[in-house]
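Multiple structures follow.
Shared chain: chain A. Partners: chain B in the first complex, chain C in the second.
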Partner chain A sequence: MLNKEDKSNAMNRFIGFVKKEFFHIIRDPRTLIIILGIPISQLLLFGFVISTEIKDAKIAVYDQSKDYMTTRIVNKLTSSGYFQLQENLESDHGVEAIFRKGEIKEVLVFEPDFAAKIERNGSANIQLLTDASDPNVARMVNMYTQNIINKFIQQERLGQEVPMQIDTSVKMYYNEETKSVFMFVPGLMAMIMMLVSALMSSISITKEKEMGTMEVLLVSPLKPIQIILGKVIPYLLIAFIDAIIIILMGNLVFQMPIYGSLTLLMSECFLFIFLALSLGILISTVAPNQLIAMFISMIGLMLPTMLLSGFIFPIESMPKVLQWFSCIMPARWFNEIVKNVMLKGVGLLFVWKQTIILLGMSALIVALSVKKFKIRLE
Partner chain B sequence: MEREKVIEVKDLVKKFGDFVANDHLTFDVYKGEIFGFLGANGAGKTTAMRILCGLSMPTEGKLKVNGFDVYRQSEKIKKSIGYMSQKFSLYEDMTVAENIRFYGGIYGLKRSDRIKKQQQLLNDLGMPEMKDKLVGSLPLGWKQKLAFAIAIVHDPQIVFLDEPTGGVDPITRRQFWNLIYEAASRGITIFVTTHYMDEAEYCDRVSIMVDGRVEALDTPANLMANYQAANMNEVFLHLARKAKNVE
Partner chain C sequence: MRTLLYILQKEFTQILRDKRMLGIILMVPILQMLILVYAANMDVKNVDFVVVDQDQSQSSRELINKFSGSPFFNCYGTTFREEEAEALLKNDKADMIIKIPSRFEETLVREGRASLQLIMNAINGTAAEISSGYAQNVIMDYNREIIAETYNLATTKNPGVIKMTNRYWYNDLLDYKHYMAPGILVILVTIIGMFLSGMNLVKEKEIGTTEQLNVTPIQKWQLIAGKLIPFWVIALFDLAFGLLIARIFFHLPIEGNLLVLFSYAAVYLVGVLGAGLLISTFANTQQQVLFIGFFFVMIFVLMGGIFTPVQSMPDWAQFVDKFNPVCYFMEVTRMVLLKGSGFADITKHFTFSLIFGFFMLTFSIVKYRKRA
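Now for the complex of A and B:
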């Protein structure tokens, strides 16, 4: 049994240790930039890209019918201020070539006898071909075109007895799925928390190993668990602050709604940070020095988190193998949770599956790193 | 007169798989002496030292440090020893005073004691004006002296020094040994590994390890007499030539 004095002594030791860790963080400008500058700048960058307005987007038209109706539609588009007619095509062979040049964002294809079909059947087809190599722009261009055409239909309907129909069938080139405008906030949260928790903590632990201070700490009366906790607690706090910054900025600057419970959202963030920190500890038990720790975190964690979590590329459009692979990415499940809680406002009842997956992953990683840490002490 | 033993090692064996790093080591270290622990690279001296410090568990053997059992009382051992690793081990991004207070803190010194210690330590080293300097900006010699002073900031009974003078010029080494003598005169037992044979001659007793065994253990004077050597270097070469495990 520990007596009271021993306990308060142990607590004092621990507090001194955490304080020391804050010294390291505050005195290293690079660390400060990573933990505070990156979240803010990344969010602004991503936010800026997403909220770009379409202005004078260049389009081409392949009009196989060339009647009064198609001309009016094209006029509507070009007079809106959003589009600029660049080229009239004579066949659909040139579409790929035009997109490759990169200037033209969208090609409208009117089927033959457009106006006649509308008069006869009340419906006709326009095909929208979009260069989705930049999915955000493609999505915007596409949305705007459809809106303008829909407005045109409504206006035309007023004078008609039989409601007429124009079906637009859409095909996005290069990227079939361009869903969810607000994907970037959850994705960015996952990425930043991975960065601060896993990368920074693994670097800071391996730094002690490299400097030889870890040995001195292990010889001291501090217990290994105290050393590890003392090293990661500051990063837990910082990652949590980063999460709050991102949510606040997403909400205030980019109007990302928070429909669900804030407590649930923050608890899930906490769970994810915990998981990322345990990953960082695991990496630090494997990596002999800071460089390798950084390498493993970057290649093994950051890249997959960005690429495979559905943050930048939709999981639905990945090859099957990568889709399976994305299942072991914690960020994938975290993204789903955050999206559901923030945008759909669902409760734990709807994200319990993802939450359990994250809990399971954390347990596994903690068990692994405890085992590794013990072996290293041997 | 029976002297007080602070380290008792009997038949210490440490194996890593098939490799026997320590092969039935037996030796005692007495209170207040400067004990030199010598051996070529790979002879197993670092392994033995790590076991005595509680960084590693022995495979078999009876070991006591400060009267505490290595297997069961490692917590108590840790509180009663100091350690300075061959890698210089202070935090470069913290000031001299912060380092002293930090290490004092993890050894459980009270706040008031820490401040007192800090003053005294800086005065002893003759560097009170460097209190608020970042350790990273100090010359290597100063860092080393500071590291030693901090290793004994909690007045341990034994301090383990793992090649403390590597890469330091002869004058600084001499100064460093003055600090060691001073600590020993205060009753702190010094357990030191080194590669410098002139330093071996400063020790009260020296053990020389070859291939995981203690080949010789005596005062430097007796060793030189036994091996008819003019200095410790010759003694060492005579013994180390038999080694098979050389890195």
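Now for the complex of A and C:
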């Protein structure tokens, strides 16, 4: 009987401790900004601002013939919505100067007697000069121009029937409007959960050490394991709330679909948060003070999570060494899971490999931190 | 003035004596240039495709050969069954499916028109757009070829061929590293300038030595100049160091005059150091400096067009970027290094940086209190 009462007392104490920790975190406005402001602002930034879509790219034309044909081609380009005619050049000396100013992305050079040549010889030349200091923009600008001009040729053909025409239709799977934000949401979730679970929790535990209040906690009737759990449980809640905020905003603001099972998605999030928290605990057992804990989590966790997880930059484009390195980043596997579940609508059968990797990593880290954890302080 | 020199001497000795500080000054450029530049690669190449060839004709084989022959595409395999191809797309084994329907060749010859389908894995939207564009170009080229072959191109019968030649200026191999490295240099200079100065100032607060500084007879401007000038020098040194690494490891072109770049950086840094000083007046611990700095730098850098063009951003963001110093510097490094732009091309940028630096520094100096 007494035993049972003891147990419920211990439980109450533990719950009280968790509550205290939770209020401790959310009472500080600066922390609140970090845990709520960062996810929301980052998602808005990635959703609205980061885009590689070409619209109104400024072009210049060096038209040496100025006949009806070249005028129509230029009109086709400018009416497409992709291009905006900024300047008419009078000589090709101007090209260099114009590119150096940095506004104009492409210069079209029509050869003299353009229309006449087409009518007489059946062919004429256009030179497309692109400012390739941004390679991807250059590629897209160049491709759109070619496509528009090619379509123009097909439509024109000066009234002739086109023999053997191949029509190509393109279907964009999983992301019909090729929105960049679909690529970023999973990575952003991983980054924010790392930030909250690993970085913030490791700092909060080392803070107790640094300020000497860890000793006070250790002599309290709470067991060491309860202290650690009590410290990290609030962060688990916060990270979970952040994940929900990001998924909800992605869905409501950016129409990112959730084709797969929500339960599966949430359980995977939970697994990842658990992993991140164990990383946080591990860091706090190694780091002597807050600043070092912060540096370890920033350089060892946050940066790789941002750069090497396929969050922004595709892993396939990296050199092999970095690709291997990305395999030990938990976020890489989490990203794959989230993309597959949300956009492709697959089930656990499809992502079991990634899930097992995450489970294995968590087990390893928990084992390591249990081994490293010292009850006594020096 | 002599007082300032003494303070500077003391600050430099103190900074350079600290082994960790030296490590940061040397390691950050190395890490950023060698890891960030290589990792931050949005290059699209080696696009794997699967072919669903239900036609099995000469034309379909020729078309597939066209794709396999292009350095941009990689054939992952051919199959009859659509489901199989879609499974490969789902598995991330392939990025693109080319679907050639049965009787493709027959329809093409008989009816003069046939259709193909490209299915892209569009989770990475940019890559999907670029590779589908390339694929369409390959198909169009092929189309032109077969027309020419079949009709033996009596040129008069086939009017309206416009030949397009492409030239990619400033980066003819489309090396993404050359685009990224100047941007990373901007991050480098910004981080070193802002974080180191801010953290150094707050450290004095943390360990309680600010009070000692406050009771000394040195004036506020001397104190601030003595605290900021060392980091101004260090950041410029790191810019040179970073450039050197980029030059050695991936032959980053330096088309323009380095004097232009460095004088711009010198002005830009005034504003950045001012921001560091400002943050230090708000923050009480080095940790807060890091958090606040991280938050703002991330926003400024992403909005500044580190890997996406500012012109593609919505209008409000482009308006905000008119006040974003990082955005200007990002443009300047790319223009000077890659295109060889000179002073005349960046007067707008220069003017903004001067104004920004002036206001930032004045504001933060006013905010900074040296209490006796």
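Convention: the second predicted complex is superposed on the first by the 252 of 378 C-alpha atoms of A that agree within 3 Å, B and C clash if a C-alpha of one lies under 4 Å from a C-alpha of the other, contacts with A are read in each partner's own complex, and residues count from 1 in each chain.
FYI, a contact is a pair of C-beta atoms (placed from the backbone, for glycine too) under 8 Å apart; a residue touches a chain by one contact, two chains touch by 3 or more.
Since the structure is predicted, the reported quantities are computational estimates derived from the model, not experimental observations.
K.L.:
Please name the chain, chain B or chain C, that touches the greater number of residues in chain A.
P.N.:
Partner with more touched residues of chain A: C.
K.L.:
According to the stated criteria, A:Leu349 is in contact with first (chain B), second (chain C), both, or neither; which is it?
P.N.:
neither
K.L.:
Tell me which partner A:Asn147 touches in the superposition: chain B (first), chain C (second), both or neither.
P.N.:
second
K.L.:
Now for A:Lys20: first (chain B), second (chain C), both, or neither, which partner does it touch?
P.N.:
In the superposition, A:Lys20 touches chain B alone.
K.L.:
Which partner does A:Asn12 reach: the first (chain B), the second (chain C), both, or neither?
P.N.:
After superposition on chain A, A:Asn12 lies in contact with chain B alone.
K.L.:
Does chain B (first) or chain C (second) touch A:Leu252, or do both, or does neither?
P.N.:
Neither partner.
K.L.:
Is A:Thr213 touching the first partner chain B, the second partner chain C, both, or neither of them?
P.N.:
Only chain B is touched by A:Thr213; chain C is not.
K.L.:
Once the two structures are superposed, pull the chain A residues common to the chain B and chain C interfaces.
P.N.:
After superposing on chain A, no chain A residue contacts both chain B and chain C.
K.L.:
Which chain C residues qualify as touching chain A in the complex?
P.N.:
Checking each residue of chain C against chain A gives 35-36, 38-46, 89-90, 92, 108-109, 112-130, 132-137, 139-140, 142-143, 146-147, 150-151, 155-156, 158-172, 174-176, 178-179, 285-288, 290-291, 294-295, 298-299, 302-303, 307-309, 311-314, 317, 331, 334-335, 338-342, 345.
K.L.:
State the interface residues of chain A toward chain C in the complex, per the touch definition above.
P.N.:
Listed in rising order, the residues are 30, 34, 37-38, 41-42, 45-46, 48-58, 99-102, 118-119, 121-140, 142-147, 149-150, 153, 156-158, 160-180, 182-183, 203, 290-291, 294, 298, 307-308, 312-314, 316-319, 322, 336, 339-340, 343-344, 346, 350.
K.L.:
Would you mind writing out the residues of chain B in touch with chain A in their complex?
P.N.:
Where chain B meets chain A, its residues are 53-57, 75, 78-79, 81, 83-94, 98, 101-103, 105-108, 151, 160.
K.L.:
Which of the residues in chain A end up touching chain B in this complex?
P.N.:
9, 12-13, 16-17, 20, 23-24, 27-28, 211-213, 215-222, 377-378
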